[in-house]
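In the two assemblies presented below, subunit A is common to both, partnered first by subunit B and then by subunit C.
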Partner chain A sequence: MTFNIIVLAKQVPDTRNVGKDAMKADGTVNRAALPAIFNPEDLNAMEQALDIKDRFPGSKITVLTMGPGRAAEILREGLFRGADDGILLTDRAFAGADTLATSYALSMAIRKIGKFDIIISGRQAIDGDTAQVGPQVAEKLGIPQITYAENIEKIKGRKITVKRRLENGVEVVECPLPVVITVNGTARACRPRNAKLLLKYKHAKTVTERQTENIDYIDIYNSRPYLNLTEWSVEDVEADKVQCGLSGSPTKVKKIENVVFQAKESRQLTDDDVDIEELMKELIDSHTIG
Partner chain B sequence: MNNLFVYLEIEEGVVADVSLELLTKGRSLASQLDCKLEVIAAGSAADLEKIGEQVFPYGVDLLHLFKDDRLSPYTTLPHTSILAELFQKEQPQICLMGATIIGRDLGPRVSSLLGSGLTADCTSLEIGDHEDKKAGKIYKNLLYQIRPAFGGNIVAWIINPDCRPQMATVREGVMKKEIFDPYYKGETIEHDVADFVKEEDFVVNIIDRHIEKSKVNIKNSPIIVSGGYGVGSKENFQLLYQLANVLGAEVGASRAAVDAGFVEHERQVGQTGITVRPKLYIACGIS
Partner chain C sequence: MANFYTDTPQFRHYLQHPLMKRIVELKERNYADSETCDYAPMDFEDAMDSYNKVLEVVGEICGEIIEPNAEAVDQSGPTVSSGRVTYAAPTQENLDALNKAELMGMGLARKYGGLNFPMVPYMMSADIVSRADASFQNIWMLQDCGETIYEFADQAQKDKYLPRIVKGETMSMDLTEPDAGSDLQAVMLKASFNEKENQWYLNGVKRFITNGDADIHLVLARSEEGTKDARGLSMFIYDKNSGGVNVRRIENKMGIKGAPTCELVFKNAKAELVGTRRMGLIKYVMSLMNGARLGIMAQSVGLSEAATREAYKYALERRQFGNAIIEFPPVYEMLANMRAKTDATRALLYETCRFVDLYKTLEDISRERKLTPEERNEMKFYSRLADAFTPLGKGMSSEYANQNAYDAIQVHGGSGFMKDYKCERLYRDARITNIYEGTTQLQVIAAIRHVTTGTYLQQIKEYAAMPVVPELESLKRDLANMAVNYEKMTEAVTSTKDTDYLDFHARRLVESAAHIIMGHLLLQDANKDQELFRRSAEVYIHYGEIEVMKNWHFISKSRIEDLGYYKQVIDE
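Right, the complex of A and B next:
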């Protein structure tokens, strides 16, 4: 038994490592200073996909990402870790998409891929934290969803059993394939890059990358088809432009405020014993402590 | 028509705190908009027995009941069908749900089905107007859905000018629950579940479920000792636990400390964690 697995992955700015250079003095985000990374929970999803491939050799993993040209980096990262194929969905018409327009575009790309049993992604991306795209892709494809998954326990026939991590416990559910699964950060971490695969796919590129980087070697790209990363536009996936990008997004950003953290109602104390003693007395008198 | 709806989360017959908090917010928004506050309760007959008495004091005008033993515990598809069908009939202007595992599973599915916009994890909800200068249009009484983004480094104001309902999820503890009127009496409608849910909606089976009461009660703790990345290690956090023990406090943590693996996620405080209102907050190693 083999399965066709599609991993939905996103390239995100590393908001977890917002260092000193990442915020400008006026409180705006300095995007250039944030490294672009493989969304962490999408890596947890990748590991679940690789695990299915281990258990059912011959299964195929396709990494699908939507983003600008540089997001091809995500596809290579997926290939280095054991994916079989990568597809970049990229078009100016996709720009400014909210979660609904994003899931429409992804669902059209998935329809174009055609064969799929399991679509798996991280629970949410660290730049938006919405957790919406997985369920919305499932709805657009008319298939069930299992969110907050921690482990795929087993697949038997056309039924999959998944452990979910809830706020105060766990739940084990059984569901027919095909299905969309979103994976929690509490799931197993992804295995590292494989050195052999790194050598194999180091020069895997999209057509656009080859053009902009002036990479020639046509013969090599012709004789090694696995080095050609697929790139799809709106037309390629036969998507309705009106439902993509900004025009396909019911939610609009009215304004953005930069967060400038400031202390209100705070007092500064010295580390002198007298100061601390007085604070303790005050807290005890107000019945805050004790 | 065009009322404000809140989806109720129910565990063992008890309405979740997050839903009650949304009723308080929903009541004040509904009064401001001069519309009714309606709520949806879907679950087993046993779970729904005492919902009315729990929610009416929060100012609920209409309670929609959907009784079917297969609706408890929650699974995605039947609850989605209920909301989608009901919303197509009732055309609500706003729908609020908890930014819980259930709300974040159900909300996006419903929003995709209805083609309406959804904003996750709002920290503030307000009513206001919006002018679209390009289209030369003025929208009255929109819901401003205010939420942190980009790891909490910015705050975005989101609106849904054209699609209805305007949907938003809110985390537990962000809104404050308050009884509106202990004698408030709303109406109850019991719907026929078969008119809303298809047999094939029950394809997902829950084969095992363990729910434990959370041991960490950081939300209601009057004193919190919080640690950040500066604490340095999981071992150093023991110092915070010792202090908390002496003070009768709970230990909290910043996102950086949780991401670094010093502390479990259920202790995370702040915009991306739990909203807390302690009397005393001691921050250690948080910049």
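Right, the complex of A and C next:
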């Protein structure tokens, strides 16, 4: 038994290590100042996909990402870990997309890929934190979805069993394939890059990269076809331009505020039990914790 | 994201050494593998990029998985039950991570599935792994026994075992016995040949075997009945799948607790002879030990790096008398010396690796074709240097790892004596480095002939001829003065022609040579990158200058008859 798996991954600014120049004066994210990384929960999803491939050798993993040309790095990162193929969905017309336009574009690309059993992604991206794209892709494709997944327990026939991590416990659900699964950060961390795959795929490039960068080894792209990364435009996936990018995005950002945390008042507490209990009550009342 | 490769710019510096061009060109046989193998480099730049990228992965695994596991590994350690060893769960997790990343068999040829890495990047990995967990470095580094199989076993054995090593099967070298430690000629484990079955069998006991329940063992055993010396010993491969070896117990050690140290009982264990009978100790173990010594050198440097960083971090945080303690001269002097010793032994480690790479690769090529006369000379030249630098480096780096771990605790003060801080583990882990694979005293015995025959002096002169920028000239003059003292003390000792007297002062002579050599290496490093190495070059050369002076002073006053005073103490 083998499966066709599509991993939806996003290149995001590393908001976990924010320096002082992370925000521009207008309050928007200064992407240039933050290193671009593989969205952390998408890596958890990647591991789940690789695990299926380990269990069912011959299964195929395709990494699909939407973004600017440099997002091709995400595809290479996927190949270094064991993905079989990577597709970059890139076009000026995709720019400025909210979650609706993004899921539309991704679903069109998935339709073009055609064969799929499991579509898997992280629960949410650390730059937007919406957790909407996965569920919307499932809706657009008209297939079931399992969110907050922590582990794919088993796949038997055309049925998949998944453990979900919820607020108050875990839930094990069964679902027919094909399915969209979004994975929590509590799932197993992704395996490291594999040395041999890293060396095999390090020269993998998209057509645009090969045209715009100074490439040392021209001939290898003919002799080693696996080094050519697929790049798809709006036309390639036969998408309706109006539903893509800014024009396809009903969400409009009204205002962005730069929130600076600062201590307004400070209090001294002793390590006395009464003091600690008072503090706990206060924090629970203010919904800071609990 | 902690990355133990990218946070230490010294590695990139040593990867860029000019000799790397020649090393990689030889190692890659003009990049022939790139025609047939999809992960082989296409040219020098591509190879260097590959080393850099793979080391980034090693650095990430060490920073993110192995180091965070190290404390738990130290506390739980391996267990033994019914003759079989189980690693601590986090040790197994480390192994799984490296296996999944296909980082086993780094140095082995691609036809066996290896990465064909030269010693320089391979030992960088060992250095980085050791900084994360020295006990784990032992288990990981034993893959190096594969090198001995590659060099001396027959083709069928290579085809059988090398791909298994690459897939992550672990190894051990079974040499030591209760009565054969430093003196391996006394090995008694019996190898007997059954003519009818055409099969070797091993019977006896081995002790202190690191990773003794490994999948593949190299065993030194007495194949010639009635013999008592080195000429009766042969080398064997024992495959755990054939059975016959049980772990009787694992030692409760002071340090490197994650690596199981086993007592093994061989009971009619089937084994395969490696190479020629009687050459076990004379040829194969010597080669195996040289590789292992390089590994311990890397382990020592990694430990020094960890100790230096721990001490530095604590000295920045800890405040006394209103200041961070790093502000106080006695503390910052300690820290500067630690950094200098770490950098000095790292410089020596990679210089040694380059010598080993050049001679081993040429030797390997000589198995495929006849070397040109120039190549033969080149191989001999570097073989001699590797032979001279390996014991020197193993001795110095392991002694410094101990000193640095000791000083790391001193910087921590009372807290360092508690189990709460990492420095106490480093202190325990470092303690074995100057004992196993030959004590420092044995390294001195291996090194002293390069004092008397002038290998070190010749190399010191080579270094002294290299130009430096004007602001580093004064350091170069200091090194020249140290060399004068070294020549004087060598002459003073060797002119007596008294072997006891030479043995008595051997360590002083060898260490003096080491100070000058490490000083020169740091000077050359500083000449290329002052920001990275100037401080360590200054600190180390000043430190070494006084050490050499002390040694010369002692020797100049030492009379042959004084040895009697020392001997009398032993007799009491």
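The definition used in the following text is that the second predicted complex is superposed on the first by the 247 of 290 C-alpha atoms of A that agree within 3 Å, B and C clash if a C-alpha of one lies under 4 Å from a C-alpha of the other, contacts with A are read in each partner's own complex, and residues count from 1 in each chain.
FYI, a contact is a pair of C-beta atoms (placed from the backbone, for glycine too) under 8 Å apart; a residue touches a chain by one contact, two chains touch by 3 or more.
Fair warning: this is a prediction, and the values are worked out from it, not measured in the lab.
Chemist: Label the relationship between subunit B and subunit C on subunit A in the superposed model as either fit or clash.
Modeler: They fit: once the shared chain is superposed, the two partners occupy separate space.
Chemist: After superposition on the shared chain, which partner residues are touched by A:D127: those of subunit B (first), subunit C (second), both, or neither?
Modeler: So A:D127 only meets subunit B here.
Chemist: Look at A:D273 in the shared chain and tell me whether it touches subunit B only, subunit C only, both, or neither; answer first, second, both or neither.
Modeler: neither
Chemist: Once the shared chain is lined up, is A:K140 touching subunit B (first), subunit C (second), both, or neither of them?
Modeler: So A:K140 only meets subunit B here.
Chemist: Identify the partner contact of A:E265: answer first if only subunit B is touched, second if only subunit C is, both if each is, neither if none is.
Modeler: The answer is neither, since A:E265 touches no partner chain.
Chemist: Who contacts more of subunit A, subunit B or subunit C?
Modeler: Result: the larger residue contact count on subunit A belongs to B.
Chemist: Once chain A of both complexes is superposed, is A:L199 in touch with subunit B (first), subunit C (second), both, or neither?
Modeler: A:L199 contacts subunit C only, not subunit B.
Chemist: Tell me the contact category for A:R191 with respect to subunit B and subunit C: first, second, both or neither.
Modeler: After superposition on chain A, A:R191 lies in contact with subunit C alone.
Chemist: Touch check for A:N168: first (subunit B), second (subunit C), both, or neither?
Modeler: In the superposed model, A:N168 contacts subunit B only, not subunit C.
Chemist: Superposed on chain A, how close does subunit B come to subunit C by Cα atoms? Whole Å, please.
Modeler: 10
Chemist: Considering only the contact definition stated at the top, list the common interface residues of subunit A for subunit B and subunit C.
Modeler: Shared contact residues on subunit A (touching subunit B in one complex, subunit C in the other): none at all.
Chemist: Under the definition above, what is the set of subunit C residues touching subunit A in their complex?
Modeler: Listed in rising order, the residues of subunit C that touch subunit A are 38-42, 45-46, 49-50, 53-54, 57, 60-61, 65, 97, 100-103, 115.
Chemist: Looking at the complex, which residues from subunit A come into contact with subunit B?
Modeler: Residues 13, 15-16, 18, 22-23, 29, 98-100, 103, 126-136, 138-140, 144-148, 161, 164, 166-176, 186, 249-259, 283, 286, 288-289.
Chemist: Taking the touch rule as given, give the residues of subunit B at its contact with subunit A in the complex, in rising order.
Modeler: Listed in rising order, the residues are 73, 75-77, 80, 100-101, 104-105, 107-109, 111-113, 115-121, 130, 144-145, 148-163, 203-214, 222-223, 247-248, 255-256, 259, 265, 272, 279-280.
Chemist: Which part of subunit A faces subunit C closely enough to touch in the complex?
Modeler: It is residues 191-200, 202, 216-217, 220, 224 of subunit A that touch subunit C.
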